[in-house]
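Chain IDs A, B, C and D follow the sequence of writing; residue 1 opens each chain.
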Amino acid sequence: MKAPIALAGLVAGAALLAAPAGADLPFEGQTLTVLNWNGYGSDTELALRGFEERTGATVRHVYHSGGEELRQILRSGGIGQIDVALPNPTYILQMVEEGMLQPVDPDLLDNMSKIAPNFLEVDDLYSDGALYGVPWVWGSTGLTYNTEAFPEPPTSWLVLWDEANRGRVAFMDSPIEAVMLAALHLGQDPHDPDLDAVRSALEELHENVQTYWGSSDDFNRAIITGAVTVGNYWSGNAGSLIAEGHPVGYVIPDEGAAGWLSTWVIVRDAPSSDLAHAWIDWMISTEFQLGWAEDPEAGAPAPANAEAAALLSDAARGRVQAYGEHAERLSIMQSLTPEQQQVYTDLLAEVKSGL
Amino acid sequence: MSGVLWRGWVWLVLALVYLPILALIAMSFNASRYGTFPFEFTLRWYEALAENRRLWEATLRSLWLSLAVAAAAGAIGTMAAVWMSRFGRGGARAMQGLLVTAITVPWLILAIAILLAALWVGVGRGLVTLFLGSLVVAMPYAALVVATRLQGLGPDAGLAARSLGAGPVRAFLLVTLPLIARAVMSGVMLAFVITFNNFPLHFFLAPFGFNTLPMEIYSYVISGYVPDINALSAIILGGAVMLGLAVMGWRRLRGG
Amino acid sequence: MAELELDRVGMSYGNTRVLHDVSLQVPDGRFHAVVGPSGSGKTSALRLLAGFARPDAGQVRIGGHDVGALPPERRDLGIVFQNYALFPHMDIAGNVGFGLRMRGAGRAEIRRRTGEMLELVGLGGLGARYPDELSGGQQQRVALARALVIRPKALLLDEPLSALDRKIRQEMQLELRRIQREAGVTAVIVTHDQEEALSLGDRLTVLDAGRVCQEGPPFEVYNHPASVFVAGFLGNANLFAGRVRAAAEGRVALKDAEAVGLHLPPGTAEGAAVTLCIRPERWRLAADAEGPGLALAGPIRHLHQTGETGNGAIDTPLGPVAFTVLSPALGDLATGKPVTLHATPRDIQVL
Amino acid sequence: MIRSRTGGPGVARALRPAEWPRLALMAPATALLIAMVAVPVAMLAWFSLLSGPGVSGAVTGREWAVMLDRPQLYGGLLLRSLALGLGATALCILIAWPTAWALSRHVAPRTRSAILALLIIPHLTSALLLIYAMYVLIAPGGPMMTALAALGLAESRDTILFTRWAVLLMLTYMYLPFMVMALFAAIERIEPTVLDAARSLGASGWARFRHIVLPMTLPGLMTGLVIVFTPAAGSFLEARILGGANGMMFGTLIAEQISRANNQPRAAAMAITLLAVILLLLGVFRLLAMRAFPGAMRRPGAHGSGGWGG
């Protein structure tokens, strides 16, 4: 009984050893450095192993905790060390201006054709006609609530300001999201609001906020344990909570919500531009996008790959909150000028300090 | 009677210090990924940890960075301490002032100062910046530990060796160094521990992609985590305490 | 001022009994020395008087009152510790004035009395120094001044001179005696140094293993030790084992030697084992044995001069015998030269 | 040989060959301290005057103007940081003092060294692990809240996590063992007979503490103050992870200036402000201590070997 198993193991081992030598892997021994959020798809086993099998290259991750920090990492030495990054398209133009990015060559991406056309129409992806960002996934930052505390789904952002929810709100620690949400709440143009009004709205909101969440874990923990009952949260992650059976609901309020797109960019002076293209091609492949979205614990947003989106199981479709009617009420985030960014950052910092 | 109250207080404080640590270890065996109850025993997170290459790689990275820094800090610190105790005169006090000042500056502020200076020079983040920054934080501890020992020792032994015909280098290597070996070891260990633990410096000075263990833990805690970090923390904290107790037990056995 | 009294006290640390039935009486204004080897219980006795320890049995009395329940801070005793126990963070004036401060004395009074006391101990003008800037002898004086300035009911001294050099120690013994007289304070000194005990105390108590061995004036105790232990502990002694041969005549037989005529204590039984004790300085050098008493002859084994006196020993059938002579007499002696030592019955103690 | 370098009249001397090895002993440490501490910290002052981003802008002093323009925010955060730092230090002293005393006077030496080791060991691993352990402990629905809820003392969803109290608790927890060490070392140095002497002179329990024990442990207390207050007031992680909406500290904002706002000059200006205020406060404490107990803060051994009292 034992001998055949040992033998089988030996054969399998030999096959494994032989495989890399036999297969013609184009990037054998190279390393790709990815700049991303922690736990945002690209560092799953699926992503790493799939890429290694295809290219022979290993992947290294550098983590950031927000778009501002992402750019900061590139500014302070990341260029030349990091190959690809995953900014929100609102940052792309400015990053091009700062000389942080190099154009993506769509001809090197076999899966480019599968991306839903509407995502490729976003202006922020292009500079001087050249493509810089490749759409990957998309989602919204909507109202997420505890269904036990709110048997009737709330339909307006007003609920965050409601005095009844003092100390029960989790609010996202992101300047641009904060400003856009306050603007929507105030009925203003989310892309060009009256900042004084926004400031006082956020200061008022601060009274209700229990925590400014910085990670999906912060939010998950807070809402599952009941420490908070309502907040603004990403669609995909909220979908995962719902799928896991937690008493959580997710809506796009009547005022609308911020919509976002995650796009891959290639950093200027990337150690290997070809490898970077190979990576992006893998990331937007139907196989990866479907695999990620179908993993019930991964908290994946909606795939930008139309083929993958069409193949989604119902369960996965529910999790990623990729419903057409949602999209209509979304205000897709737009680029900010450096001045705006500084102002937004200072504004949120001041509100958060409570002083 | 009052002695009982005093001792009770000590045990109470000890218990409180260990409360979070024990809670963490307990929760590392809890199935809920959000650390909630009811408690359901599982080894799942330890299994996940065993497969988590990132955490192990970060642990190794932290270990060798700390080892390298500790070795350098021990050497440079011992040299400075010897200089202070034997030749320093007025300079010793100035040197001591510098060492103590270096210890007094909060790590966050020092990290930012070094980062900005490194950017200004054009070096920026990098292994060299990280190494030198860690070294300058750890070295004063090693130097002060050795200097204290040398001060307690006095120059007699070294002078005696000199009077018996040993040259200054041989006198140091054969007589003084063995006498301060334990202090040097303590200094090196202290430097190791401080480097291992110095998150602010790692956070601002490490080159991108060079995530030390504290940085990995930070990124887990800040940007969403998997409970295998509970398992790793439990192993490190539990392991450190076990190691400490083992060392003490060994010393006791040897001592009596 | 008051008399101090330990009345049949017993004391234990855990299961170890350190004092058995110890009594001590120090009349008002007297200087009493308690002497014994380390572990004899002398420090425990002092701690009982001071109030740092409680007796298991018996009473501690100060001025006739039982103070068993009184904590040390309310006993009004001045204590000088072996290591002086000066407060390192206070200057000398602060140290000396501390007890007055604790008693709520006014600033001016503290300054005046502190100054007076520093003058008394010979440290006038050093009030602003710190303890670590003084020599050992000076620190000792500060400790004394600090204990005396509160005008204590009594002064307790715990090995106060043991940390000092020999020369300063002798000087300080005289000083201590002078200051105690001038202050007129009852004092108890605890020491393992017999010389110190003999020169300081009006009376002397010898302790061993937690029991009182002998009590009396120094001269008395030294010259008439009550036991082999006391004889050996207080100064040097040549001890010879013997057996009573003719009690009526006072004859005692020593090993391998002639019987010796002595004044035996009344009631000594025939055949009883006794020990003869002869202090080295009691020997007379004699050309040959004459008169009653004990004579021992033999070659000089060694000699050395210590100052005004010289010490030596001769080899005898009874073993080496120590003697002390005044320095001038040393001139006639040389190692190896045979001499005879003679002691009259008055010089011989029978134990 | 060793004593050959007696200073002589202050004539500029050429270094004799024999002195080179000596200088080589101190050169690496000195170079390191100057290049990596003195120069960068001094340069913060210069960087703070530039206009960002980066450290190559023109000298404008803009960031100081911004900070002065918003005294409520920057001053308020600074005060909060100092208050949290001082609060944690005070709590550390209150808890550590009796602990150190009990260890020194009421615990057998063997047990004592074991307890001291057990106290310090977890704190030598990684601050982040401890913060994280505290997070797990006090998280809503976590062990502590569940236990309190079971006792009917609180609701399990309530927690002090994400409040200033959590930050204060964490800072106290983080630095307590170091304060115990500092005070223990100081208390060990008080000879028991010194306290007996004070007693015999009429000092009651409180008076002995006030006049003997407190001043004699003052140097240890000052050491403790430096090793607790300085890092506590300059911390940012504790507030970042446990502080939530209300726990923001000055250090958190400094770190954000670098990692988020890309405003290095403001980070420099804030860092130098914090450093100056901390050093100033430490100086004031030292002065107050010297006022209250002039003899206690002397350097020991004016007659002895001289000390680098640590």
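What we mean here is this: contacts are C-beta pairs under 8 Å (C-beta built on N, C-alpha and C of every residue); 3 or more make two chains touch, one makes a residue touch a chain.
These figures come from a predicted structure and were not determined experimentally.
Note on connectivity: the fewest chain-to-chain touch steps from subunit A to subunit D number 1. Chain centres here are C-alpha means, and the one lying farthest from subunit C is A. Among the chain pairings, B-D comes first (most C-beta pairs in contact). Averaging Cα coordinates per chain places subunit C and subunit D 54 Å apart.
Subunit B and subunit D have Cα centroids separated by 16 Å.
If each chain is reduced to the centroid of its CA atoms, subunit A and subunit C end up 91 Å from each other.
Within subunit A, residues 65, 221, 224-225 each touch two or more of the remaining chains. Counting partner chains per residue, subunit D has residues 54, 139, 141-142, 156, 258 touching two or more of them. Contact topology of the protein chains: irregular, matching none of line, ring, star or complete.
By the contact rule set out at the top, the touching chain pairs are A-B, A-D, B-D, C-D.
Residues 1-2, 5, 7, 21-22, 24-26, 28-30, 32-41, 43-44, 47, 54-56, 95, 98-99, 101-103, 105-107, 110, 113-115, 117-119, 121-122, 124-137, 139, 141-144, 146, 156, 173, 176-177, 180, 226, 230-231, 233-237, 240-241, 251, 254-255, 258, 264, 267-268, 271, 274-275, 278-279, 282, 305, 307-308, 310 of subunit D touch subunit B in their complex. The touching residues of subunit D, counted against subunit A in their complex, run 53-54, 70, 72-73, 76-77, 80, 139-142, 156-159, 161-162, 244-246, 248, 253, 256, 258-263.
Put simply, subunit A touches subunit D in their complex at residues 65-66, 68-69, 71-72, 75, 171, 206, 209-212, 221-222, 224-227, 342, 345-346, 349-350, 352-355. Within the complex, the subunit B residues that touch subunit D are 3, 6-7, 9-10, 13-14, 17-21, 23-24, 26-27, 34-37, 76-77, 79-80, 82-84, 86-89, 91-93, 95-96, 98-99, 101-102, 104-110, 112-117, 119-120, 132-133, 135-136, 139-140, 143-144, 147-148, 151, 154-155, 159, 162, 168, 193, 196-197, 199-200, 203-204, 213-214, 217-218, 221-222, 229-230, 233, 236-237, 240-241, 244-245, 248, 252. Those residues of subunit B whose C-beta lies close enough to touch subunit A in the complex are 34-36, 54, 115, 119, 124-126, 207-209, 211, 219-226.
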